[in-house]
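Across the two complexes that follow, chain A remains constant while its partner is chain B and subsequently chain C.
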Partner chain A sequence: MDGSFILSHVPDYLSGAWVTLRFGLYGVLCSLALGLVCCLLCYFRVPIFHWIAKGYIELARNTPLLVQLFFLYAGLPRVGIRFSAEACAVIGLTFLGGAYMSEAFRSGLESVDRAQVEAGACIGLTAGQNMRYVIFPQALATAIPALFANVIFLIKETSVFSVLAMMDLMNVADTLRTSGGRTVEVLFMLIVAYLLILLPVSLLATLVERRLRYAGFGDQHSV
Partner chain B sequence: MQDLGISILFKGINFQRLLGGLWVTLRLALITIGLSCLFGLLFASLLLSRRKLPRIFCRIWLEIVRFMPQLVLLYIVYFGFARVFGLDLDGETSAVIVFTFWGTAEMGDLIRGALTSIPRHQTESAAALGLKKSQIFLHVLIPQTLRRLLPQAINLSTRIIKTTALVKMINVTEVLKVGQQIIGQFYRQPDAAFWVYFVIFLLYFIICWPFSLLARQLEKRWA
Partner chain C sequence: MADTILRVENVYKSFDGQDVLRGVSLQIREGEVVVIVGPSGCGKSTLLRCINGLETISSGNIFLRDEKISGRTKDLHLVRQKIGMVFQSYDLFPHMKVMDNLLLGPTRALSRPRADVEKEALEMLERVGLKDKAYALPRTLSGGQKQRTALVRAMLMHPEILLLDEITAALDPEMVSEVLNVVIDLARGGMTMAIVTHEMRFAEAVADRVLFLEDGVVLEEGKPEEFFHTPKTERAQRFLQSFTYASKRGTSEKQSKNNLGD
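Take a look at the complex of A and B:
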């Protein structure tokens, strides 16, 4: 292991980590939004749209991100639909993540006690109010562990962005490896970089889950 | 008159070539799934062991697999092992090693979860009825464990199938690579890339979707 080599390339890895983190974050945020919309379309059985949402979820969950990215980046421009590499990264990650997030929200919504839904309707809440004040907060509490698992999954998936010629962590490491031949140092730094990104996310997940258990929504925790 | 790009897939043996490329990753996935089930049993028994050391060992293994993107693990084995141990593994061998390392931990954790989810009183009631230890295992524990395990194991298998697409990144000639070769041959056909990548996308979907449906069906029936 060559310490000076490692130290001199810390800035490269920092810029790579920034790309990984930034586009991972964009992807996660867009996935959450898309997931929520799809899940609500299915929950309220909005005519036609809930079929589209279901079809999309099946498509996205049953194909690899790498293949989705190739289609977006190398396939679509040939029929006149052209995106930049950065846009492809965010669209691809959102396409994949939206389906997983939607499933997480769905299992949360399904876990809400029917009595809660009916009670909300009985005191005269509209469907929208019922969702906003009664159902969704409880569903979110149960969905949080799955949502965080998806966040970690999506950040890990960003490692294929190098096929879009983006200088993310993976591509930085690959470039250094082929140019310098210091494979061990390069891979060591790659591991450390991913750990430094993912450990805080995992710690945050544990923290939030612990707080939520205190919250005790509805009667499921009142015993 | 120019024909549609999709027609190139039916020229000569192009479609068979694509399927051949797909088989490369599928075969890797099948080997990985088989080995993961086998080693997963061992892993689960270590996780449930009374002694501390094997448990800690497996926990660390599981965390490594959860935190490191599979692509990073692939790089470590494919490029790193050659450097450190002088092991010059080809892409497919590295892929089997890495995906089995990952699959074993995930499968082991699923088996552990399924085993521990069975309430103690099941074993105790069976013992009270006078069943021998082997009978308890065969007639009480295994059927119940399988019901919980099977849907999750099928889901993990589709994840393994999707993840094996990553071998593209370590120079294995798989379906995307074959697709690129076909596109290269038909460079006069402007929308060739669109159709080739679209068909690869669909092929993955056709393979993974039935498994997803099966897992969901089993989950519903056995829940």
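Take a look at the complex of A and C:
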């Protein structure tokens, strides 16, 4: 392996990592918001909207991100709707991620003991207050591992952004590889770059999970 | 005669075509303690759950102080603010300290100022012997302490009536009395209550009136001293007998036979 080649291209990877991280993060945050809205629509069985949410979730989960991005970037302009590559990236990732986040939140909500819901109702809370103070905090504690898994999954999925001609990590590496031919060094750096981004996320997930466990969140055995 | 707080009229409830309540009627006056007993599956818990709308009734009417509360879907939380309920499984909120469990209803549902409620909560905790646990997490409490906390949580809403659904059924025997003494204290303080229990001696001690529920109907109703000692129906007699045991050495009748045999 050629060390000087690697060192000389660190700035390229840094700019690629910045694109991956930035748009990955936008997508993750929007996914969390969309997922939360969808799962609440389903939980409260909001007329009509909960069917829309269910339909969306199935559509998003059962089509590849690559296809979704093509649809946004190449399909929609044919009917006059045109987004920038960056907007397509965030919208696409949110479309995919919202469905996964919604399912993670749902699994958390379903894990909350029915008796807890009734106990909240019995002290006269409205359904919304009950959700906010009693149900959701417990659901979130259970959903944390699934939510973090989704975050990591979505950041990895940003590698598809290269089809939008965005210079994310994947595209930086691909460009270097096809122009310079140093495949081993290029791919080695690519893997290291993804690890440097995602290992801290995994570590954070572990820390948060441990903290929640020690705090006694989601403690189900009540005797 | 004190005002009627709760009026249940000819209530039916069925689950999947199976009738659980078959025309139950009862009235509870202000300050009255009504104990509901009966074999398991007779509909006792269902009756309590119907009263505060955790179950919807199939037919009949339920009134709280002349206001019809059955059959409504809107603003059910306003009704539940006036009806306290405590369950067998305590159901404290595990992610909140004892104090936050207590404050949630009064501060959020009733919008009372936090400082006021906290002061009142500390007084109530002291009365039930839990002042030192005010800022502990529920999982660090014993079953009896959890249930006393649950009682305080319900009482802090200042309900018109308190429904207790087998609140000692999950407790170790030595913790039963610490919880039931709190209930007796509440009864002395004039709290209106409907209590479902299997603790017959407690029932006799606390009740103003006993209802015997069997197969979804009120089979017998009376003062505790009458019901527990001279039950009118044969079914109630058999039910009460199931709480007594024949001695190991057999009945006195058998013993006398043995004596003759000698």
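What we mean here is this: the second predicted complex is superposed on the first by the 217 of 223 C-alpha atoms of A that agree within 3 Å, B and C clash if a C-alpha of one lies under 4 Å from a C-alpha of the other, contacts with A are read in each partner's own complex, and residues count from 1 in each chain.
One rule holds in what follows: a contact is a pair of C-beta atoms (placed from the backbone, for glycine too) under 8 Å apart; a residue touches a chain by one contact, two chains touch by 3 or more.
Owing to the predicted nature of the structure, the values given are computational and were not obtained by experimental measurement.
Of the two partner chains, chain C is the only one that A:Q138 touches; chain B does not reach it. In the superposed model, A:D2 makes contact with neither chain B nor chain C.
When the two structures are aligned on the shared chain, A:Y194 is found in touch with chain B, with no touch to chain C. Contact with chain B, but none with chain C, is seen for A:V79 once the two complexes are overlaid on the shared chain. Touched residues of chain A, counted separately for chain B and chain C, are more numerous for B. Using the contact criterion defined above for the overlaid structures, shared-chain residue A:L125 touches chain C, although it does not reach chain B. Judged by the touch definition given at the top, the superposed model places A:K156 against chain B, while chain C stays out of reach.
Of the two partner chains placed around the shared chain by superposition, neither chain B nor chain C is touched by A:E209.
Within the complex formed with chain C, the residues of chain A that make contact are 113, 115-116, 118-127, 129, 133-134, 137-138, 141, 215-220, 222-223.
For chain C in complex with chain A, the residues that touch the partner chain are 52, 54, 76-78, 80-85, 87, 89-95, 104-105, 108-110, 137-139, 143, 146, 153-154, 157, 170. Chain B contributes residues 5, 66-72, 75-76, 79-80, 82-84, 158, 162-163, 165-166, 168-169, 176, 179, 190-198, 200-201, 204-205, 208-209, 212 to its touches with chain A in the complex.
Within the complex, the chain A residues that touch chain B are 58-59, 61-64, 66-68, 70-71, 74-79, 152, 156-160, 162-163, 170, 173-174, 177, 183-184, 187, 190-191, 194-195, 198-199, 202.
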